[in-house]
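One structure is given below, represented as C-alpha cells, and several questions about it will come after.
A, B and C label the chains in the order they appear, each numbered from 1.
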Amino acid sequence: MEKLKQFFKNPLGVTGFILILFWLMVALFAPVIAPSHSNNSPYMIERIGFSSLPVPPSEDAPFGLTSGGYNIFYGIVWGSRTAFRVGLIVVSTTLVIGVILGGVGSFIGGALDNIIMRITDLVMSFPFLIAVIIMSIVLGKGIDKLIIALILFGWRNYARVMRSEVLSIKERDFVSAAYSLGMNRIRIFLVHIVPNSIFSVFVLASLDIGTMVLISASLSFIGVGAEPGYADWGQMINFSRNWLLGTIDNPMTYWYTYLYPSIAIFSFVMGWTLMGDTLRDVLDPKMVKR
Amino acid sequence: MKRNILLILVLISTVSLLSAAGTKESDQGSSAGQGTADAAGMNIKNPDTFVEATSNSVETLDPQFMLSTATMELSYNVYDSLLDHPDGDMSKLIPSIASEVPTLENGLIKIESDGTTYITFPIRTNIKFHNGDTLNPDDVEYTFKRAVVVGAQTSSLSMLTPNLIGENSFSDLIDSVGFEAAWNTLDELVMVDGDSVVFKLPKAFVPFLGIMADGGNGSAILSKSWSIEQGAWPGTKETAQDFLNITMEEDPLFDKMMGSGPFKFVAWEPSKRIVLEAFSDYWQGAPRIQRVVRTIVPDNQTALLMLKNGDADFTTVSVSDLGQVEGAPGIKVLKNLPSTWLMKINFVMDMDKGSSYIGNGTLSEGGIPNNFFSDINVRKAFEYSFDWDVFINDVFLGAAQKPYGPVLVGFPTANPDNPQYYFDTAKAEEYFKKAWGGKLWDTGFTMTAVYSSGSTHRQRALEILKLNIENLNPKFHIELASLPWAGYVGAIKESQLPLTLFGILPDVFDPYYPLFEHMHSAGGYAEWGGYIDLAKEKFDPLINELGTNYDPVRRKEISWELQKMDYDNALSIFHFQAVEHVAMQDYVQGYVAGAFPGNLDFYPIYKENK
Amino acid sequence: MLPVILLFLSMLIFSLVMFLSPYERLAVFIPNADAVGSSIPFDELVSKYGLDKPFYVQYWDWVQRVANGNLGWSPSARMPVADALKRYFPATVELMLVGGLIVFLGGIYLGTKSARNHNKFFDQASRVATTIGVSLPEFIFGLLLLVLFYGILGILPPGQMSAWAEDVVYLGSFHHYTGFLLLDSLLNGELYIFWDVLKHLILPALAYSIGLLSVMQRIVRSSLLETLKKDFVTTARAKGLAESVVIKKHARRNSLLPVVTISGSMVAKMLGGAAIVETVFNYHGMGMFIVVAAQGLDFPAILGSSLLIGVIIVVTNLVVDILYTILDPTVTLE
C-alpha cells in the first residue's frame, strides 16, 4: 500500500498510468467504439472501397482511409487490443523464461550455467528474420505465429541480463552472510538474489512491451508478420510509408495516414516506459527519497 | 553547459566539413565532369552519363538464360540480333545484323512440300564486336547451336527449341534418338552458306522472325571466338555433352557480356549497379550518351528523391507515387504508356487433394472439392463476379486496361469484339445456382485464395472477388492468405492453390506466343490449370496451325476462333493489361517507350535542354 | 565448444529445409517480379541444383564443402557465398562502428547525466526524447532524415558512396586490402573517398542507432542509480570527494556490468544488420543480404551468414564474460 502511494505521488508515473489506462479502456470497449459490420473477424480492419489513394477524414471515417480503403479509426481502436495482446503475452513469457534460465543457471553455476549459456548463444545466433520468414512459408502468416517467433527469440536478453546481475550479487557479503546463517539455497535465491537482480530486467521489460508493436512494423516492411489488413499499429505505420512525402504541392497531403498510428504507438510506448521507470524507483528498497 | 555547446559546435562543423569535402572532389574526380550550365540556364548533371534507377536486380548477364524481362534491357543494348523493330513500333520488322528481312516473297523463306522450311539471313559484313573482331556468319551459327546445347531458358528460346529440334531440350532429344542422331539434327539446324546463315526447320514456324527480333534478348548474337575464350562450349561435337544444362555458377558467360550493340559492358556490381560505355565503332554510328549506369535502388521513395535531386535521370513511377513527381520542377512525367504485360486469374481445375486451401475438401459449406473449378458454371460465376471498374479505376487509378482475351490489346489479330465477361451480379448468381447440379447454392463453400506477399495488385484482385462473391450468398466463404514469393511459387507448382495469379509477358509480337502459353497443352498454363486434355483435344491443332501457316487471313481466323474458345471455356479471368508511368529529367531527350516502358533503348538518348 | 555450436546451428537451420518442397526452394532462381510468365523451367532447375535429393545427402554435401573451405554459391547474391560475405560484412561492420559510437557515447553520456539529475528536468526531458526515438519505426525515421538531409539540404545522399567514388573503387586501380572501405581508402591514400564513405555512413548509422541509444541510456541510468546508492559510494561521499569524482572513479565502473551485457546483444542485433535502414538508404550490407536470402530461401547464403554471425556472437559473449571479471573482481567464472 505504501508503495502504491509512492507510485502515485510521482507525476511521471501517474502520466504513464493514465496513458495505459486510456488505451486499456479503448481496447476493452473496442466493439462499442468501432463496431464491426462484416462477418469477418473484427480484427480485420474495416474497409470502405478499394481506392489506392488514401482518402481524407470524413463522417464515415473520422481518421480517414489509408491506401486500399482501410478505415484508420477502426484500425487504431482494434489495434490497441493487438498491442496489448502481443506486448503482454510476449514480454511476460520471455521475462519468466529468461529470468529462470539466466538466474538459475548462473546461481548454480558450473556445467548448468555453461549449457544454458551455449543454448542462449545458439538462439542468439539463429537469424530471427530467417526463422520468421520460413515460419510464414510453412505455417502461414498471422499474429499468433508472430507471437511464437517473438517468444522463441525474445528471452535471451532477459537471460543474459539476469545472469550478469546474479553473478555479481551472489558474491556479495549479505549473501555469504545468509549462507553462514544456514539458509538453504532456494530461500537465498528467492529472497535475496532475485529481488536484488531484477531491476535491469524490469527496465528492459517496460520498454519491450511498447516496442513489440514496432517489431511488427519492421516485419510488415519485409513482408512477414501479421496478415495484411489485420488491426496492428505497426502494420498501419508500414502502410503509410509511401505517403510520407505527400504530393509536390503539399507534402502533408496524407498526414492522417501516419499521424494517428504514430501517436498511438508513441503514447503506448511512453506510457509503459514511464510506468516501468517509476515502478522501478518505487520498488527499490534502497531508494532514498529526495 | 560549456561542454554541451562545444559538443554541438564540433558536430555541426564535422557535418559541414564532410559534405563540403565530398562535393569538392566530385568536381575533380569525375571523368565525365559535373554540372554543365547550358545556354537555357538549367544545370545538367553529368551531361555524358545517363543514370537509370530501378528496383529490379539482374539475375545473369548471359542472354540465353535471362528469365526476367527487366534484365533483358541490358542484352538489348549490349547485343544485337538478326532483326529488330523500329523504335516504338512492335508490329514491323527491320533488318539489323541481317541485311534483309526474310519473307516468302523475296525467296529467303522456302517451304518444301514436306513442310521443311529453310530461312536464309544474309549477314552484313561491316559489323564489329566490342573487342574489335568482325561479326561473321560463324558467330550466328555458334549462337544458336549453343542455345540448344546448353538448354537456353529464356521464354522465347524455350518456345523456339521444340520447333527447331522437335523436343523440348537437347538432352530430351538425345534421350529419344541417341547422341549421334541428335547431333546431326543440331548440325543441320543452322548452316553457314557464304555470307549468309541458313536455318533448317522441320516445319514452318511463323513466330520465328519475331523471335529473331526480340531485341537481343534470347536471340542476341554472341561472338564465337570470345565465348570459347571465356570457357563456353567450344562448338564441337566431342564437347557437346559436357555442356548440357549448365548451372548459373558454371556458366562462364554469367557475369560478362561482349556483343556488337551500341554499348559496351564495363562492370557489374551484383545487386548494386551495372555500368555500360558507348561503343564508338557501332555499325549504325556511335551513340550520343557516353555512359550508362543502371543502378539498383530497392526503395521507391529513395529512388524518387534521387530523381528530384538529379542523381538519377530516369525511373518508373508506380500509380501511387505519381503525386510525388507530377509537377515537380525539372521533371517530366509520361503517363499511361501501354505495356505488354497481361495479368490473369487462373482457375485450377485439378488441385492436389491434400491442399490446405480447400477447406475440408468436400462439396460442403466448409470446403470445396479439389476439382471445384472443373465445373464451367463455377468458372463463369467467378468471371461475372469480378468488378473491372473498381479494379481499374480505384486500385489502378485508371492506369490499366481491360483485356479482350488472351491476345493482348495492341497485338496483331487481337479482337476488340471478342465476347468478354463483365461484372454482373445477376449473371453470377444465375451461374452459381446452376453449379454442381444446382447443389452448390444451397450447400455453400469455403476456400482460401492466396496471393504473394507484397503484391498489392494480386491482393486487391482477390479482395474484390471475395467481396462480390460473399455478398451473393452468406454461405460462400473466401478466406485470403499471403505467402512469401518462394512459398507462392512452390504452392503453385504443387497444385495447392485454387486460383493462381500469373500473367503473360510476350517478348514476341505475335499472337502465337500468348495463345501458346495460355491454351496449348505444352504452354505451361494448361498444366497449372489442369486442362491439358482439353487443350490437346481442342486447342492444340489450331495453335499448331497458327504456328505453321504464313497466310495472314487464315491466321486471323484461327486467332479469333481461339479467343472465342477461351471465352467459351472461361479458362481465366483476364483482369488487366498494364499501363505504366515513367519520370525523367526534363533534359533527357530521345526516350521512346517500347514494349515495356521501363526497359530502355539507350541508343537514341541524350541530354540537352530544349 | 565453438565447432559444436556451429554444427548444431547449421543442422537446425538446414532442417528447415525439410519443411519446404524443392519447388519452394528453387524460387530463388526465379526473379521475384511480376514480369515472369509461366514458362519457368521448374523441373529442370530442380534436377540441375539437386534440390530433390534427400535431406541428409544435401546436408552432408554441404558439410563436406565447408570443411574444404567452400561455402557454396548464393543464387540470390549471384556470387559465391564467401565473396558475398567478404563484400557485405565489412560494410555492416563499418555501419556498426559509427552506430556503435553514437550508441555508446550518446547512451553513456545521457544516461549518466540523467542519473545525476534524477527526476529533475534533464532526466524527464531525455526520457521523453529517447522514447520518441524508440517509438518511431526505423524506416520512418530514416526516410525523414533522408528527406531533410538529402531531399531538402542535398548534403547527405543515400548509398554507400557517391558515383564517382564507386568508379574509383570498383573500376579503377583501387586495391581492396581488407575489404573495409574506410581502412582501404586510407591505405590507398584516397582521402576524399574516405570522407565520402564516412559521409554516407552518418544517416544510416543515426537512423538505426536511435532505438539502441534509448535502450542504452535507460540501462546506464538505471544501473548508475543502483550503484550510486551502494555503500561504497556513500563512503566515498562521506570522505568528502566531489560528486563528479565519485561518479567517474567509483560508480561508473560498477554500473557498467549491465551495459556490457546489453552491448553483447546489441552486437548481435547490429550484425544481423539493419535490413530496413539499409533498404531505405540503399546501403548494401549484411541486413539486405540476409533478408533477400531468407525471402528466397537461399540456403547456402543463409547458412553461410549464420555461421559467420554465430562465430562472432560466441566470441562476443566470451569477451563480455571476460569483461565482467575485469569490471567486477568478485565475479568468478568457471
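Quick note on the criterion: contacts are C-beta pairs under 8 Å (C-beta built on N, C-alpha and C of every residue); 3 or more make two chains touch, one makes a residue touch a chain.
Note that this is a predicted model, so its numbers are computed, not measured.
Distance from chain B peaks, on a Cα-centroid basis, for A. Across the two interfaces under comparison, A-B and B-C, the one joined by more C-beta contacts turns out to be B-C.
Note on chain placement: the centre of chain A and the centre of chain C lie 22 Å apart, centres being C-alpha means.
One simple way to say how far apart two chains are is to compare their mean CA positions; for chain A and chain B this gives 44 Å.
Each chain gets a centre from the mean of its Cα atoms; for chain B and chain C, those two points are 37 Å apart. Within chain C, contacts with two or more other chains are made by residues 20, 24, 143, 147, 151, 279, 295, 297. For chain B, residues touching at least two other chains, in rising order: 301, 484, 486-487. Multi-chain contact residues of chain A (touching two or more other chains) are listed as 133, 137-138, 223, 241, 244-245. Put simply, chain C touches chain A in their complex at residues 1, 5, 8-9, 12-13, 16, 19-20, 24, 118-119, 124, 127-128, 131-132, 134-140, 143-144, 147, 151, 211, 214-215, 218-219, 222-223, 226, 229, 257-258, 260-262, 264-265, 268, 272, 275-276, 279, 290-291, 293-295, 297, 302, 305-306, 309-310, 313-314, 317, 324, 328, 330-332, 334. If you check the complex, the residues on chain A that touch chain C are 10, 12, 109-110, 113-114, 117-118, 121-122, 124-131, 133-134, 137-138, 156-157, 160-161, 163-165, 167-168, 171-172, 199-200, 203-204, 207, 210-211, 214, 217-218, 221-223, 234, 237-238, 240-241, 244-245, 258, 262, 265-266, 268-270, 273-274, 277, 280, 284, 286-288, 290.
Residues of chain C that touch chain B in their complex: 20-21, 23-42, 44, 48-49, 73, 75, 77-80, 143, 146-147, 150-151, 154-158, 162-168, 170-171, 192, 195-196, 198-199, 202, 279-282, 284, 288, 292, 295-297. Of all residues in chain A, those touching chain B in their complex are 39, 49-53, 67-68, 133, 136-138, 140-141, 223-224, 227-228, 241-249, 253.
Partner chain A is touched in their complex by these residues of chain B: 300-301, 304, 319-321, 323-328, 390-391, 394-397, 453-454, 456, 459-460, 463-464, 470, 474, 480-484, 486-487.
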